[in-house]
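Order of writing sets the chain letters: A, B, C and D. Residues in each chain are counted from 1.
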Amino acid sequence: MLTVELFGVLQQAAGDRQLQLDALPEPPTVAAVLDQLARRHPALAPHLRRVACAQGDSLVRQDQTIDTSRPLVLLPPVSGG
Amino acid sequence: MLTVELFGVLQQAAGDRQLQLDALPEPPTVAAVLDQLARRHPALAPHLRRVACAQGDSLVRQDQTIDTSRPLVLLPPVSGG
Amino acid sequence: MSRMTEQPLDMGQLLRETENDACGALVVFGGIVRNHHAGKGVSGMSYSAYGPMAEKVLAELEQETLQKFPVSECRIVHRTGDLAIGEASVLVVVRAPHRGDAFDGARYAIDTLKVRLPVWKHDFYEDGSDAYQDGVPLETAASRDAENSQ
Amino acid sequence: MSRMTEQPLDMGQLLRETENDACGALVVFGGIVRNHHAGKGVSGMSYSAYGPMAEKVLAELEQETLQKFPVSECRIVHRTGDLAIGEASVLVVVRAPHRGDAFDGARYAIDTLKVRLPVWKHDFYEDGSDAYQDGVPLETAASRDAENSQ
């Protein structure tokens, strides 16, 4: 079971700030988790191609295998400044 | 008789904020006045090549004939900002 | 001042925090909430952030600016929460011995912030609608490498 | 605020005077008295100006900046008299809808001020000596034409 945290337009699309994802891919790479998320939550799918992902205060690469005990944070295109 | 106002390093060189120049060239162009000033006040001579000149709030060109009833203002290289 | 804050940004405090007698040049950039976006009237807006990363990104960007440019001081603060028209959402303060470097450093800092800081702008329009502004994909190590290899 | 003044420059007042809800970008440049020049310690300095022309040059430079760049606000003030280390000798405030234009406008304004404003800096050094800084010849219509034809 993996907690997925959402920001910005992703919160709007999902109607929530976080989701739980079970039946995780093995190994749980970022890319595989995003694929699964797109299947389970079609409303998020159009946005996932442009997200960056983080755990804690660090970015994680698409090919990286993540620690599923920590939340995966999805960061859509940014508009700060 | 022409009043010449001095600024910056010119005040230091002349030891005063203004000078009077009599026996003016005819016609009194800026260039001719500066030549005369260099002869009468040798301490100013080395600086005069790099001065700009003004009357009131406007610059005057070297080839311009000036109204000698108004002060001629000598502006050495500037260092504002 | 914390780099990410819900409080109004205090330029005076940033200026005091960066005082440096060796610096002849000060450049401040401020991002200000505008009353329009994409042709629509804006009545207000709200910034949200991914906090744990945002604070670190700004601290690293300050250091990077100090390393890339001959500047002596660099401070960046960004506001979150609800902002009114005319309020500052971001302030960048750079001090350097020379002015060209201060301009270059400040511009680099804000340009880079725009692609690295995990912050999202939510506009509220005068017609009652609202929208997250379409942003730029977050710059990642991978996208930076791809850009550098072009 | 008068553009040429013996009073300490008031950034807060300039910011209030230039408020503009259509502008998303604010750039401030400040020239600050440094504690060193050409390798010598500076204890203080004094600016003198040719007043009648200086005020007009700044007013014209504000207008020129507004015309040359897509910026909406431009204010420039310069101090005269005795200044202490750390005090501001000049402030340029530019506001624009977009940040690149605000940076370009502010940089143009201060770069041009440096060659057009009839102001002279007199340094007082820690060793007791003093000197007018060697400046740049004032830009005149003739020198501008010569440069443009190069």
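A few notes on this one:
Convention: contacts are C-beta pairs under 8 Å (C-beta built on N, C-alpha and C of every residue); 3 or more make two chains touch, one makes a residue touch a chain.
Quantities reported herein were computed from a predicted structural model and do not represent experimental measurements.
Counted as hops between touching chains, the shortest connection from chain B to chain C is 2. Per-chain Cα centroids separate chain A from chain C by 25 Å. Taking each chain's centre as the average of its CA atoms, chain A and chain B sit 74 Å apart.
Among the residues of chain B, none is found touching two or more other chains. In chain D, 31, 110 are the positions where the chain touches two or more neighbouring chains simultaneously. All chain pairs in contact, by the document's touch criterion: A-C, B-D, C-D.
The touching residues of chain C, when paired with chain D in their complex, are 11-12, 15, 19, 21-36, 85-86, 88, 95, 97, 99, 102-103, 106-107, 110.
For chain D in complex with chain B, the residues that touch the partner chain are 31, 47-50, 52-53, 55-56, 78, 89-90, 110, 113-122, 132-138, 140-142.
Chain contact summary for the complex, chain B toward chain D: residues 7-9, 12, 50-52, 54, 56-59, 61-62, 73, 75-81.
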